[in-house]
Structure formats: structure tokens, C-alpha cells
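Chain nomenclature is as follows: A, B, C and D, assigned in order of appearance, with residue numbering initiated at 1 for each chain independently.
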Amino acid sequence: MKVGVVGASGYVGGEIVRLLSAHPYVQLVQATSESRAGKYVASVHPNLRKRTTLRFSKIADLEPCDLLFLALPHGRAVGLIQHMRAIAPRIVDLSADFRLKQKTEYPKWYGYEHPHPSLLEEAVYGLPELHRQQIRDAWLVSGVGCLATSVILGLAPLFKHGLVREHMVIAEGKLGSSAGGSAPSLASHHPERSGVVRSYEPTGHRHTAEICQELAFGKSPAVMLSATACEMVRGILSTCHVFLKHDLDDKAIWRVYREEYGDEPFIRIVKERQGVYRYPEPKIVAGSNFCDIGFERDPHSDRLVVISAIDNLMKGAAGSAVQAMNVMFGFEETTALEFTGLHP
Amino acid sequence: MKVGVVGASGYVGGEIVRLLSAHPYVQLVQATSESRAGKYVASVHPNLRKRTTLRFSKIADLEPCDLLFLALPHGRAVGLIQHMRAIAPRIVDLSADFRLKQKTEYPKWYGYEHPHPSLLEEAVYGLPELHRQQIRDAWLVSGVGCLATSVILGLAPLFKHGLVREHMVIAEGKLGSSAGGSAPSLASHHPERSGVVRSYEPTGHRHTAEICQELAFGKSPAVMLSATACEMVRGILSTCHVFLKHDLDDKAIWRVYREEYGDEPFIRIVKERQGVYRYPEPKIVAGSNFCDIGFERDPHSDRLVVISAIDNLMKGAAGSAVQAMNVMFGFEETTALEFTGLHP
Amino acid sequence: MKVGVVGASGYVGGEIVRLLSAHPYVQLVQATSESRAGKYVASVHPNLRKRTTLRFSKIADLEPCDLLFLALPHGRAVGLIQHMRAIAPRIVDLSADFRLKQKTEYPKWYGYEHPHPSLLEEAVYGLPELHRQQIRDAWLVSGVGCLATSVILGLAPLFKHGLVREHMVIAEGKLGSSAGGSAPSLASHHPERSGVVRSYEPTGHRHTAEICQELAFGKSPAVMLSATACEMVRGILSTCHVFLKHDLDDKAIWRVYREEYGDEPFIRIVKERQGVYRYPEPKIVAGSNFCDIGFERDPHSDRLVVISAIDNLMKGAAGSAVQAMNVMFGFEETTALEFTGLHP
Amino acid sequence: MKVGVVGASGYVGGEIVRLLSAHPYVQLVQATSESRAGKYVASVHPNLRKRTTLRFSKIADLEPCDLLFLALPHGRAVGLIQHMRAIAPRIVDLSADFRLKQKTEYPKWYGYEHPHPSLLEEAVYGLPELHRQQIRDAWLVSGVGCLATSVILGLAPLFKHGLVREHMVIAEGKLGSSAGGSAPSLASHHPERSGVVRSYEPTGHRHTAEICQELAFGKSPAVMLSATACEMVRGILSTCHVFLKHDLDDKAIWRVYREEYGDEPFIRIVKERQGVYRYPEPKIVAGSNFCDIGFERDPHSDRLVVISAIDNLMKGAAGSAVQAMNVMFGFEETTALEFTGLHP
């Protein structure tokens, strides 16, 4: 099976290349970068030295293949989608261009009118844990928002089971610097970024739209999202505060999560009574496709705190995308995603 | 004026020594450490080389002086207080032993019955921004909880003005490793602690008690506190979510903060329209006694997000304590607290 | 094939468990920890959740198997070796107990008389790049010193080809905190260790002995080693300064390295004319078994600077050990060592 | 006394502004930035909020004052020097434009012919520890190179006393990211720069020229310099390897350092027998003007390792410059430089 990556010089594109280069059933035949065309992929992603001898090509040079991953900036894929479809019958687009079902959300959150609203119906939100069946048969699968993924996977069982009072969540995501992409700026300049805990989107984060969409099990949720940048390169920890309709104890909550996620290969419920690792930590999942989820009932109120950790470039982007590809083509879902993370 | 520090080998004690060693009106005459007695203070706090030649003494060796700072573990000061009072007529105790007014809070949050409840009435909570008048005349001033300080200072104007719906706040504190003290453990072992974003008290944090007490302007607030450890040594960023009773715009909220804090030397309202530094950051206040406070109105709901940043060892402990001492003795309040922080 | 790990609760032992748990031809049947016996391996190494359900056993419970990895503190394996040999016919010992050929080096560098000097002749230094043939047939393979590995691999071609004036090298290793092991101490306490660049062994580092041994191609070298701790968890960068006998240009030096390492699966010569990644970096090899080597000729003198980067827990310990096992049993040498590292 | 800073939006310029804003005898009346003219200084250096209300002006707007600090890129000051001298009778230039005495060094190391070689004779290298008398009377004082400063101060006593064999030193500087200035680039992009130990100038570092000049006590030294970037924002640790002519013990070396530096307010000899802080560390001097110097004799050879730590923006730039100003105007040399650094 032949696959291409469009926009492979960025962090998400590079991560897909890394994963595919170790995928036993897939041949990565092309990786584009308009600005680096002609250069070795490994000159931009130095971890891939001795792993791939591929050079970047241009979009104009794309040759027919079985699947294309699009890892372009938001707003770019939407204009290229028909062209891409002519090159490959199946597409996984990692931008936000096909994540939202309601076309009215695009001007609200992304500042543009969606030119192909009919495709929004065809596209499937690429989280296998929620849409495995649809992904299997889709030609167009949307990648996921990294912060959104951590919140959605953390809360979906609770919302699905109707356990959350007022359908409201206050979610605070703490993100590593790779979530900001590969383009340097003053905000990402090391002396300015190193060691910060920086509130960068206290309100108005675009992923709110995705989260509302994916947690709406019959009723639209109220999602209060805030994002804070922390000192790490990869990783997201989301701390989500919900209030329970009924006074559920730990066991009852466990049961809900186990029911929904018991068979999921990439979700681990992390909740230990003691020790250093009793809740999820992004450091532990860095490089892996895991989403670790934990929770704690507030003994002084009806609050439930749900904590989830992912690697933003993996489960929050490239990992879920490759997982979706595995689903689309009937491969074992964990293929090329077996890396377990490091300790320490 | 002669001053002593009891428990000077810890981080807070060392910070008080550092501040006092540059204080023009105060002579630091003794600094105790039971385990390091006889050793140079600078052998434990190497930044103080060439600054002080003081050696640690023992509590048993304390000589009369004008004021004692107690920087002992929680539960230690309460048993020593009468002894200490015999040595110095005025005391600033940095533990939690005299922070709470209600004796019933001690068994609930700290696990012990308070043996001197009458002293709880005499003690003043040592945040000059809230209790300047009382501190001036107190013989016993309590230090402040670091996480509590960031939340209290961030929200006091809103609660005082009765602007918060249901008197409820969901507050998430992100803390540096020095907040855990100077004793090594697996959780603080560098390979385990470096680079983490670790949820360590999703619920049940003791500072809840202080926050409730200090934000109770007539009515008891509902404080939902969570604490997350981040990769930094000094610093706290608290992100506080409240819902407004009335739809206030930025200007109206500014006005409230300016009214309460306009003359405060250590509070800065940080809210810029653009740029990297538009919200408070603990990195920028590290080493200083500032509390930077910012806020953002959620355009999609009635939520107001308040963000406050302090150095936990300074404004959250030693800095506020020295500030309180300055108030108690009529010194210029900023004396020895002028350090402005570094950039970058 | 059945394998066991003795001392699996430390970082090196945990890393071996991680590697073996993904090894297709090996079954990890036992992992000992005297202090954690009975607990899940994944409770100590949380990255292994959902990967292994093994529990720690005790040395006393070891059952016969095909190979044992010993990951015990220096001086422990030497006393247990005959006992271990009775359990498994082949052993890879990761301590320093069997690294040195000369028994006189043990009192000098490790402070003990070696009780089994005859075994020192049987043991093979476990760096496949230098001793592949001998490893194949050895029953006892010694693990490698992490700092030593980076220096040895960086310089072996130059010393082997007799290019170094006075056989002297000044080598400075910069090490991450995991090289200090898993036991907490004041030096490793996060507030003390975070952000440091700390000279901790300017002279007298024990790995000097190994380096001298492995770089002695006919003549004993003069190795001036210094070690500095840096802010990272995994990784070593060694900067080695040698003076050339003859004025070799880049091409000539390239040729020497290519001759020695051209077929090595885990050595990459990294030397680019421009860009951010033109020299080796430990960050890029973290988690992988690569040793990246680069060099630069000083245009103002006859100095050659050789730079080499490894992950101390991988190529500097567990990775080389598993590589050695692959050699011993005739597996493809890269088996279970394919992880390529992350970017960023 | 009125003072101005030219080029105040960079890190060194900002640091001078910070120091002067707390200087009791100096009034900072102007701070220029061509790109930020009109904006508040505190909008670029957020630590200065509430400390200064100064706005950036342009060079064209400079008004006469008593002294100007020039903090411009290399090669800029040399063209402006006569213009600046017309504005202020005394100048401290922090670039490299007036550091070197030999005009032939400029094309060699900095790539340009020096247009005013006669000024090189008038300019004084601004390290008070070496040139206090000349600084006092100079109209033009040159700032110092940060890496150079750490090496020069570490080794000057040894070279002055003629103790170093072959006048040779192998010096490895480990630098924080602020040494690279305030302009973002891929190399400084946080995901790329965070956690690295990156060899960026293994040979050919420009500061070689300064070091050779300042360590030439009668005989030109051989300086083998290498520079490695580490994970820290502020700070330099230099590890310098020299070989001793005679076998000096610790006491004899101590005596040499004490003779040269015994009265220096900003130099501390750090050499303790045990403990975590037995050698100099940049973390401990961050924000301060200290240069901490330690050493260790290699028991296995005639090598002496000298370790020195500074804050590159302070003792390595702005701190030394303000110290020089204090000398020039007869102020107490430590004025405005009293900050002692933080622990932890």
C-alpha cells in the first residue's frame, strides 16, 4: 500500500513520516514540503537519519497513491481537497477544515466561510474510540484537535451516560510547546518560553467547537475551555471539572469508564491509591499513542475532576491519524503505534 | 532592630535570611536549624556566600530579640509559640498553625486539634493587602499559604464587591517544585519530576480552608481547588474560573481591581491587548514580591477567568512575611523587597 | 527463549524490561527487585502499563532460564555471579564488576579487590562495535559505562589508526540526571537539580579506566575525563579534544570513521555544513540505541574536536546490553532496538 | 548623573535598564530602540512594570548626558562612536567593536576591517578585576564577551603567575539560551532548543581573541575554546583544563587565587570538600554579578581543572558594564549590583 504525506516538514507531518517509516504494511512514497522540496526529510527531522532516505517533493509532483495524509495549516486543505482526492481515493486531513459538522461554526471559530459544506457531512471525525465504524468506510477522515482529544476522551463516557449536571465542564489544558508548531516566534523563543506557565487562551479556544460537537450526546454541552502553556515540548494534561447529577462513588465511575474503554488499546485508566504516578502524566505517554485518564471525586462537593494526558503530536494528531488509517485499511489497529513511552 | 529566623535551613527560612541580609533597618542575629547547627548558613543556601557569615544555631540557643520568624513544618509552631513569645515580643509564623480563625478547621484540614484556639483570635492573617491595619498592631502574624495567596489576591476584589455568582470559584493552581519543600523524595527526584505536568491534588487541597476564610465577605464561598505540579522551581500560576452575576465588561472589572489595588506596591494588573506578556506569568515575578493579576471575559458565556502569578517563596511566603514585618515596625513597606525580577 | 532481569526496579533494569517486552524472539519470564517484590513492574515503571503484567520477584525465586541480565549496583554482581551462572548459562552483567581486564584497576577505581580475577579474562566488554566476535561466543558479557561508551565510540577509530598525538584526550561529558540512578538525594532533588550545569566530577571519574582499556590499541592512552551534570533526564554529550599527529582534513577523517563504522547499524556520523542539527545531540537520540558522532577540525591549531551523543540508558546501558544479547543468540542485531527517537 | 542606554530592547540593554532603575546615584533618562520607539520599555521587558515608565526613543532623539551605554550588535557601535561621543563624554560599549587591541584581529575574528584603529588604543577592556585603574580614567570602556569573561577570570591568576605549561588551555563553555540574543530563530525555537546539550561552536569561537589578549601576561597563550548550548536561560559554566608546570597542591593554588582576588567584591572562590554545592554553578549566580571560581587537581596527572560560573547577562555583560560605570564615576563598586541570587 502506497501512502503520501502532504506538509511533511512540520511537526505533525514529521511524526506521520516517523510512524509510517516503521509500518510493515505501508510504503511511504512521497512527502511534500513546498519550502524544503529537494532536501532530505532527515535534514528537517534529524531523528530519521538512517531511517529514511526520502526527499521532500512538491504538491505539484504528487503521484497517485492509496492514501494521503494532509498536514497543512488550517484553511489550506479545504481548497485542495478535490485535487487531493484525484490523487488518492482516501484522505486523512489533519487540519481543522473538516472537523466540524456545522458549517456555521467555521466563521465563528476559524474566521472563514466553509466552501464545501457538503463535504462536512461526508467527513468523519477521526477518533476511532468514538467513530470506529464510520472511519472504516470513510473516504475523508478528519484529524483531531490535540487539546480537544484530551478533553473529549476524558469526558465522553460521562456525557454519554448523562452524568454531568448542566452538561457543563470547566476544562483547563496545559500544553507543551510543540503544540504551537514549527515556526519560530517571540513567544516560542527559548529565553522567553523556557520555564513559563503561560495562560495563552483563557477563553475562546477554537477547540471548544470540536469538544461541544463530540460531547453532545443529545444535548449541547457548555464547555468552558482555557489553555495554558507549560515547560514541556510534547504533551497535554487536561484537568476537567464537572459536577455530578448523582453522588457516584469511585467504583461507579470506574464502571462507566471500563464499559466505554475496556477494550480500547490506547486508553488506560490511571488511578492509584498512592505513589508518584497515581494520575495521568503527559511525560509518561510522550512518544506513545496512549491517552491516560484518571479522576478524583471531591469529598467536599459534588465535583468530579477528570484528568487526561496525551502526547499532542501522537494521540492528539499523527498517532490518531495513523490509527485511523489502520482502521480504514483493516490493519491491526496498533500497528506502528506500539511504542510504549519512556521512564524516566 | 534585632531579628531571628527559626527553621532557616528550609527554602522559606533561607529566603527570609536572604531578604533580611539586605534589609537596612534590621539585623539578623540568629538563624536556627536543629540538623545543621554549627554550620554556615551559606553552606545550605549557597547564594548567600559572601553575604552572610552567620552560622545556624539551635532553638535552645535563641537569645532575646525584637521579632522572630518561625519557618517550621505545620504543627510545630503551635507547640512552641509561648516559648517563642518569651524570646521575642512579636512573631511572624509562616506555618499554617495560626492561619485559620475557626478551630474546627484544623482537624478537618490539618488533622490535629488546635491546642491554643484563643490565639487564633489574636493572630492576624499576614496578607498586608487585606489586613494592613491589624498587622500593624499584632504581636502574632500568620504567614500565608502560597497557593492560597495567589487565589485570594486574584479574587478578593470580586468577592468583596459581590460580583460572583453562587460565590463559587474553580481554581487551578500550577506550582513549581520548591513549593514541596527541601526534603528529597521519589516525587521530587529529578528524573521523575523534570518535565512533568502532574496533577497532585485534584481535590482536597488544604489551602481551600484559607481561601474560604479570606474570600468570605459576608457569605461563605464555594472553593473548588486543584493543584498541578509543573516544570519550574519557583512560581505559581492560578487560573480561577468564576461566573459573573451581571454582565460586566473589561472596563468595569478593571475599575474594581483598580479601586482595591490601585495603591498596592506589590500588585500589578497585567492585561494587554497583544504581545507575549499579556497575562501574568510566574517566571516574570520569580524572586520578586509581586503578585501579577490579569483577567479575561469569556465572550461565549458569563465566565470570567482570573489569572494570578506569584513566586511561592516570596509573595507566597517569605516576601509577604517580610512585608508584614515592615508594616509591623513602620518601615517603608517595600524595604528589602525591591528586586524586580529578571527578563529573560 | 526465556530471559530474566535481576534488579529490574532501577532505571537500567526497567529499560531492559521495556525493550524485552517488545522483543519478538524473547520471553521475559522474571524480573527481580528485593524491595518491590510482589508489586507490578508497571507500578514502578508506569510507561509499561498495559504492556506487561509481570510482578517483581526476588533473587531467591529465580528459575532457570536462557539468559540473565544483571542490573545491580557495582560490587553486587561479583558476589552473585556463580549463583547466577547456575540459573542461566549466559549472563549480561551491567555493573562495572566485569568490565576491566586488569584486576589492579578495581582497588584503584572502585575501591575493592576483585574476588574472581580469572573471570575478568572470560568476560567480554559488551560493546558490539568493538567486540562483536567475542560477544557471540561469550557466556559472560559485561555491560558498558555510559559516559565511557560515548567517549570510546567517539574516539576508537582515531586511536586505532594511530592518529592522536601523545595518545591524549581531554574529554568532557555532559550528563542527564538519569545517569545518577533512581535513588533520591539532595543533589537530585528537583529544586536543586533543575536547570543546573554542575561540575560533579572534574577529575577522577571511574569510567577513565574503561576508556583507557578500550582505547589502548597497543599503547596506553592518557585520558583526562571530566563530567558535568546538565538539565536533561536522558542523554550524554561528550566533547573530546585530541591533537592530531598529522594535519588531516575533514575528508581524511571522514574516511577513517566510515571505514570503522560504515556498516554499524547504530552509529551515525553527523556532520553537516549548516543548520541546527549539524552536530550530534543527545535529545535527538533519546530513547534510541544510536550513537551519533561528529567532529570539527580547529582551523587555528592541530586540535580535533569529536562530539558524540547517546542515550545513557540505551546505548550507554540497556540498549547495548540487548544488542549484545541479539549478537549472542544470533538474532538480527537491531531487533527490539528499532525506535528512532523523537523530533521535536 | 544622567545616563542613557542605546539599544535597550535587547537582553543586555534591558538588563542595564533594570540595574540603573535601582541605582541611587544615576538617573536613566533615555533608552533607545529603533524598532520599538514610542513603546514603553516595560512592554518589552515585563519585569520592569511598575519600575519604570520610560518609553523607547530613537538614536536620532538622544539628548546630551553624562554617560551612554551602547548595547548594539557587533559592528554597529564602531560607526556611531564619534556621534555618541558628541552626546556623552564617556561611553561604555558592550559590543566587541572596541574589545581587541590589535586591529588585525578584527578581520580574522569578526570579518571587518576596523575603521578607527586609534580608538582601540584608547579603549579599555571593561573588566574591573583586571583593569580597574585604567577604567577609572577612560572615556571609552569596552564591554566584555560573556564566555570570555568566565574563562579570563577563571584563569588570569594562573597565567599571571606563570603556572601553566605551554600557556595552553582547553576551555569548554556551556551557555544558556539568552547568550544568543533576543531574536527568534529555528535554533532558538523552544521545541528545538528545550532540553538540548548542543555543540554549536566546537572550534573557532570569536571570544578566543579576547581570551588570548587578556591572558597574555608576557607570552601569547594557546586557547582551545569550545562552546556548547545547554538547557538554561541565563548562565555560563566554563570548564578549563590546563597542565601545571610544577606540582602545586590545593593550598598553593588557593594562595594564588586569594592573592589576586581576595579583595574582589564579585569573585568568590568556591571549593568545598563535600556537599552538592562544592563547585561553582551558574544557577546560583543567576541575576547576580558574581563570578564563582573553583578548581580541582587531577590526582592522576598534572592537569588542573578550573571551573567558573557567571550570569552571561550580568558579569558577562550588563553587570560588568555597570560595575565599570561605578568605577568610572567613583561610586561604591557594588552599587546597584547587590542582588545575591536565589536558592533554590
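Quick note on the criterion: a contact is a pair of C-beta atoms (placed from the backbone, for glycine too) under 8 Å apart; a residue touches a chain by one contact, two chains touch by 3 or more.
These numbers come from a predicted model, not from an experiment.
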item	value
Rotation, 0 to 180 degrees and nearest 5, that superposes subunit A on copy subunit D via CA atoms	180
Chain located farthest away, centre of subunit A as origin (C-alpha)	D
B-C or C-D, whichever has more C-beta pairs in contact	C-D
Averaged-CA centre spacing for the pair subunit C and subunit B, given as whole angstrom	46
Where subunit C and subunit D are represented by their mean Cα positions, the distance between them in whole Å	38
Residues within subunit C bordering two or more other chains	11, 178, 182, 186, 191, 194-195, 231, 233, 281, 344
Subunit D residues within the subunit B interface of the complex	11, 14, 18, 21-22, 43, 45-51, 178, 182, 195, 233-234, 265, 268, 270, 272, 275, 277, 281, 284-288, 290, 292, 338-344
Residue ranges of subunit D in contact with subunit C within the complex	170, 172, 174, 186-187, 191-192, 194-200, 202-204, 208, 222, 224, 226, 228, 230-232, 235, 237, 239, 241, 276, 279-283, 294-301, 303, 305, 307, 309, 344
Footprint of subunit D on subunit A - complex, ascending	11, 176-178, 180, 182-186, 188-191, 193-195, 231-233
